[in-house]
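Listed after this line are the structures, all set down as structure tokens.
First chain A sits with chain B, and in the next complex the same chain sits with chain C.
What follows is the complex of A and B.
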């Protein structure tokens, strides 16, 4: 809010200054570019104040209120948080999200590592990389629909293959046991190429001569991978893990178009639970409290990962 | 399984072709002489890459294949790799180019859909955000990198701290704000939270501006160019690469965006593709979904991405190097 008013004031005088800025005879810039700076910063600061700073404060406030969008928020103190502790659905949402994150990040990172290593040792093809990137470029909604069709119990191609192999039919998205791993696999499909490209970019920076001398010493590809690639990639790998972990916790689109949190809550992840509470039941205050918890979890995770990253760096040095 | 492999090979012909081409390319690299022989290990490695490529491309092939299938054939012809009676009717009906009766006859639910309009809305939505956000963030990034003013580093620090706040947290208050402004179901409300800045774009562009040698700017300053003219006429033209990188990633992000436009832009006039697909799917009966129509709509959401990839693929792929290698 403070930043907001601070922007509003200098905007007036800064307006005409824009025309005068390239004024003649100004051989040297003044040591203080205050006027120009406010002009340059005005749009970004306005956006920051209105849509980042203000809503952050407001979100914390909502979490302490009873608010249904129609009437003004009614301050209730820590009530939402007390309710949260005993809310089975909330704990289930956390559990389901954790399950999703482990399966999704685990499979996606391992596959991406494999793909990146293969590309690194085999080819520099831009076309190949561009093609692997396509699932990431496509909206998650499209990915969700596409796989909903492929995984369809009666007509889906995957079940057709399984039937042909004599493995029977599986209700990938309709069985409570299969729904979450299926969603995790679908999103791993969507993000593996992207993750592989990030890891590949890290591998390219590893000096080529290391591989050449190792090769002269008779080291095989697998040995080179575990002794050269993996240790030298560790900082990049940790960074990529942080980014994908934080992204993975925020899974929403795919679930919103496919399972809608079902069957029987099997895929009601934390993001979807917040969405449901806020925009289906209009429990804005309660939803904000859950969002505060999610923000804290993500903050802690980032800190832990960053520490791991630093630790691995000192190992290397 | 073999059937799948052979079937998709035609679909991924270009991919396999380039793979081989690039393999030849590596031969010219120094020190690669020992590796050009096709050992069993290398054959397995190439096979794994090829399998990954097939797994990547086949779902899209199946999407297009389904979109070209008449709805009446969905049960009788759900496994052959090429539709027995290919048709464009699904594309025509989701683009609103057939009469209501024809659409229903071809498997539609009878609800009015106009994917041409949603496509256009998506282009407007992502275009507005990409262009304006890149410009505003470039201005801010430049101010933080080069201009001297009191409180600069403190303000920058606060801006970057916003990277820690997950989007869902600001989603609800922002929705209330946009609703109170009366901006629901307008492009203004839909682009508002991201059109002026994102902390990452400011950070990224500031880093780039810091890396430009000062000499270029100093020469222009000696010629009497002010900060404003300097930025637009000297700095921006030098920054094409990073601007394009941020612009492209923002375009992709906005193109994929679902939750925010779902909350603020459900109306037909401003409905973007992702929201339209979600609504289309909900309108379609649960027991027998309109798969041919849904896949036609999905195909339309993928086509612009392919165009982008063909035009700017190299830049896009290398921008991942850029951000990842930072």
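What follows is the complex of A and C.
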């Protein structure tokens, strides 16, 4: 999110086009405006150049070298990318990340939709809305640590309860089958409230009279939800999906704190793999190549989603 | 489209950028009056007070040199060090470890101490045997030993007593991969199900275990220092063609495979938790919570079991004797000087002091770790005794003839670790046969060293 706004801001007003179309009656002052505009934009531009543009260029360059942090990089051409194609761990990381994204986004969005609908139709309590945000306000590392203790196989509270109910013990974070769904659930717990609020904000924009006339026509809550709420929520839903999908792909901290990629690579997601390559094995060149590929994947996904977003813009206008 | 790509890329790369931004410390370490401040890094918070003692004593002898100690947790230590090295802001002296050392030595980041050792005639014979070699490669010396650790059995005294096992029974345990020897018998007895039956009882219910007899460690990289490495070593396993600095690993050795299969057998019997049901919180936590009776522990973790916060009564016993005798891993740390330090002589003075009897005796008094000089060992034991702790099994292991083995030291150790760890885990989980998992991993590892 932060990256998006920082990048987007300098583009609109700073582009030459906006200077060409001055407001009526202010034509003569246009050059001054432009100067002032640049002045105001300078800090953001500088930050963008220093912290985004420059590292991006460097990253792409490193991806073509054998840079290992400790020695000067040598240009190796596409070697890193060739290695990538045959790297089982890379493909596994992509697969595992995809699995995570599907489970996480799926459960999180459905739950959030349900919560938002309940809030919209049942209560308007501000306290309740604030409570929903609490998990989202907890730093991810804390969330990871908290759930690591709760979900621990032998000492955790969750297994203690399951045991008391006679349901046996589950290695939520230590079994290869459970580790990824558990982490997806933990992050869904952390983000559902936030997503629900975004969706709720979208629902509030839907005119009340639609519901009133629908209920006069004898429609039930479920019918109103599928026939009114969902279709009119589509633009907001699309936006929420774009944002949370990118965020979901970047899952890192929960895994770094809890499973560290284990057991046997079951949670070695792409971000964690990049991190391992860069800062544990010092393969900065290779890590950059993986990062570039991930950026491309995210770019394509975002483009696809943006199209969907645009296509469904004006249902309410 | 292009801007989107850049955006996504930028978001990604800020991870790398922010990691290196942390390393923006000042480098103005020579004051107007000529006082030099040396940066010294270590990771173990338990050892921090001991080295603060040393720093104070050193400053007294050398008023013109100040030591600034920075302690960083293990998980961040090497990343921080690397980013500092890259940005030319590295600490003058840091505590070094054998897995990471080769990367920095090969990368030209560590000062060769051999010329200085020769110039100042430093006596290296006083160190615990085996501790100086890991730091020497091709005639270059990348550090002076500072401490060592060995491994022993740690057990819950009450639990074993209840099962009729006393300390004397644990002094001469035997082990072999076929029937597990007396070690397996003790482990079986120490395992208790929820109805109070131990592992030798024919009615023992392995599906409802209240206390596990033995806790394996599965996150032990390519070394197995806290478990499989020891059992494999007493079974006659050798990691490498030559250690240190071998070029061919032997992870496909049947002796190691037998050992891992014995571990699987322990799990099948219900004496140890399966890998899919291990605790993410770690073995120490499980033992402290009274959910397990025994494991292997390194001397660096003594205080986790004996400190005032320990919630159970633990004691230590020697490792079992296997077909190839009784052997404990011995591992040590060293102090390394950054090749780029502007204060070479001062740093060397400090490293010499760290390796001297004066500093090592100060460390000994704190009773947190065994200093590298054998002359300080007895003092450490005395300091432990003063706290009411008998930890002589660790020093006995170090002193025994052929009683120790070196953990593997090669290039690319940080990459080899996860490959072997994943292979062992997949074998224990039954995803692949032990033989196949280890053979594949061994081929991968040796390909890295070609």
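Going forward, the second predicted complex is superposed on the first by the 271 of 317 C-alpha atoms of A that agree within 3 Å, B and C clash if a C-alpha of one lies under 4 Å from a C-alpha of the other, contacts with A are read in each partner's own complex, and residues count from 1 in each chain.
We adopt the following convention: a contact is a pair of C-beta atoms (placed from the backbone, for glycine too) under 8 Å apart; a residue touches a chain by one contact, two chains touch by 3 or more.
Because the structure is a prediction, the values reported are computed rather than measured.
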Contacts of A:149 with chain B and chain C, given as first, second, both or neither: both
Chain B versus chain C as contact partner of A:291, first or second or both or neither: both
First (chain B), second (chain C), both or neither touched by A:81: neither
Touching partner for A:175 - first (chain B), second (chain C), both, neither: second
Chain B versus chain C as contact partner of A:279, first or second or both or neither: both
Chain C versus chain B, contacts on chain A by residue: B
Which of chain B and chain C A:69 touches, first, second, both or neither: both
Chain B versus chain C as contact partner of A:99, first or second or both or neither: neither
Touched partner set for A:32, first chain B, second chain C, both or neither: first
Chain B versus chain C as contact partner of A:264, first or second or both or neither: second
Intersection of chain A interface sets (partners chain B, chain C): 3, 51-53, 55-56, 58-59, 69, 149, 152, 155, 246, 250, 252, 271, 274-275, 278-279, 291-292, 294-295, 298-299, 302
Chain C - residues contacting chain A, complex: 1, 3-17, 19, 78-79, 82, 85-86, 103-104, 107-109, 219, 273-281, 285-286, 289, 291, 414-415, 418, 422, 425-426, 429, 431
Interface residues, chain A side, partner chain B - complex: 3, 18, 20-29, 31-34, 36-41, 43-48, 50-56, 58-59, 62, 69, 111, 114-115, 118-119, 121-135, 137-142, 145-147, 149-150, 152, 155, 157, 160-161, 165, 189, 193-194, 197-198, 201-202, 204-205, 208-209, 212, 215, 221, 236, 239-240, 246, 250, 252-253, 256-257, 271, 274-275, 278-279, 284, 287-288, 291-292, 294-295, 298-299, 302
Residues of chain B that touch chain A when the two form their complex: 1, 4, 12, 14-15, 18-19, 21-23, 25-26, 31, 34-35, 41-42, 45-46, 48-49, 52-53, 55-57, 59-60, 62-63, 66, 74-75, 78-79, 136-137, 139-140, 142-143, 147-150, 152, 155, 158-159, 162, 164-174, 176-177, 179, 192-197, 199, 202, 221-222, 224-229, 231, 252, 255-259, 262-263, 273-274, 277-278, 281, 291, 294-295, 298, 301-302, 305-306, 308-309, 313-314, 316-318, 320-321, 324-325
Residue numbers on chain A that touch chain C, as the complex places them: 2-4, 7, 11, 51-53, 55-56, 58-60, 68-71, 148-149, 151-155, 169, 171, 173-178, 246, 250, 252, 258-259, 261-265, 271, 274-276, 278-282, 291-292, 294-296, 298-299, 302-303, 306
